[in-house]
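Every chain is named by a letter (A, B, C and D) in the order it is written, and numbering of its residues begins at 1.
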Amino acid sequence: MTVTILAFGIAKDIFGASSIDIELPADALASDLKLLLEDKYPRLKQIRSYLLAVNNEYANDDLVLDSRDEIAVIPPVSGG
Amino acid sequence: MTVTILAFGIAKDIFGASSIDIELPADALASDLKLLLEDKYPRLKQIRSYLLAVNNEYANDDLVLDSRDEIAVIPPVSGG
Amino acid sequence: MNTYIHISPTPLNIQSCIDLVMSPSCGGIDVFIGTVRDATKGKQVLRLEFEAYEKMAVSEMQKLADRAMQQWPVQKVVIHHRTGVLQVGEVPVVIAVAAAHRDAAFEACRFLIDTLKQTVPIWKKEVFEDGEVWVSATP
Amino acid sequence: MNTYIHISPTPLNIQSCIDLVMSPSCGGIDVFIGTVRDATKGKQVLRLEFEAYEKMAVSEMQKLADRAMQQWPVQKVVIHHRTGVLQVGEVPVVIAVAAAHRDAAFEACRFLIDTLKQTVPIWKKEVFEDGEVWVSATP
């Protein structure tokens, strides 16, 4: 399945785009996506930390992804 | 000596005036004035507490009063 | 000037208080706004009346502002207090504190309102339908 | 409605935020105003750029407001955050909390700004004369 990943802050700089499409096996977990992203964009491993958000909620590593999910990479936040 | 005592809040109600004149012996202490006031206005003893201010500073009981002092009775404050 | 102390019988302007503490070297401002509540201990309040021993109140508020500037790394402090008759919803007091970092702003602001209520010679009378009372005056 | 959450690319109106939380049953309002500081770690800041994952940021801010309403006896909460390019002295965030008593207003306001900075998906880029950096992004 193809999922679209939104990127913000430093992740947008790393991806060079505000969203990218990634090919994932069906029933891939959030942790699978993280490994794929870190493989494709090694600079992701150099930031302090990052989380995935799925459908506007922070996602645990064992969350099963769906092609209709809205997925985003959330680097360390710094609002306020 | 005659001193003028300013009164605020409930003290103004007790004195029935925003200032009163009191006759004091020379070199009277703040504590002397308190006793005199409590004698003349017994309701002063029924309020929660009160302080004297002399020249815009809270005064200790052993402060020596002068006829030129600005003296005020300060019942419990409740600003804010 | 880094501290602004004011007592006034006219409505307080909150935005002006905030403007007074705004500064390019500050990152956080904490503002406390007192408002007249419609009830106290379940009893309906019609209005409040504030009386100040004005000269001494200004002097005590200045002491508080100076202490706040000494105890915390804050850069600007405003304390404005109103006097006279205030209706429900009106604002008796505004305290604004600006600091480089928010910790100091919050702590100093909290200190200022707590201590103002203990030491500054201002008195509040609550007016009810069936009478009136000087707050905190009697046991 | 007792909570007001808003993200906007236009300047925040502090007085409007305060007006939104004013209530006859409240006696105290605490307001936190973030401002853009002219320096960070001794280095001159030219401007800040704020980016938000807007839908999720609103949802996270709403969760914080709801938690504050549950944890403290507060009656109204406003959180407004700005996005885009902000110059020194401009206001990225305003949080206002009204409660019957000031304790709750102070504590909830402090909780809201502290937790917003930890959980709400908004990012700040500091722009210096010689470069720019996403705050907190790198070790």
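Throughout what follows, a residue touches a chain if its C-beta (ideal position, glycine included) is under 8 Å from a C-beta of that chain, and two chains touch if they have at least 3 such contacts.
Every value quoted in this text rests on a predicted model; they were computed, and no experiment measured them.
Enquirer: Kindly list the shared contact partners of chain B and chain C, in label order.
Expert: Common contact partners of chain B and chain C, which must touch each of the two, are absent.
Enquirer: Starting from the mean Cα coordinates of chain A and chain B, work out the distance between those two points in Å.
Expert: Taking the average C-alpha coordinate of chain A and of chain B, the gap between them is 72 Å.
Enquirer: Can you check how far apart chain C and chain D are, centre to centre, with Cα atoms defining each centre and the answer in Å?
Expert: 23
Enquirer: Could you state the distance in Å from the CA-based centre of chain B to that of chain D?
Expert: 48
Enquirer: Would you give the residues of chain C that are in contact with at least 2 other chains, written as numbers and ranges?
Expert: Those would be 34, 113.
Enquirer: At least two partner chains per residue is the criterion; list those residues in chain A.
Expert: none
Enquirer: Who touches whom among the chains?
Expert: Listed in label order, the chain pairs in contact are A-D, B-C, C-D.
Enquirer: Over in the complex, which chain D residues touch chain A? Could you list them?
Expert: Interface residues on chain D, with respect to chain A: 34, 50-53, 55-57, 59, 81, 92-93, 113, 116-125, 134-139.
Enquirer: If we count contacts the way the header does, which residues on chain C are in touch with chain D in the complex?
Expert: Residues in contact with chain D: 14-15, 18, 22-39, 88-89, 98, 100, 102, 105-106, 109-110, 113.
Enquirer: Residues of chain B touching chain C in their complex?
Expert: Its residues touching chain C are 6, 8-10, 12-13, 46-48, 53, 56-57, 72, 74-80.
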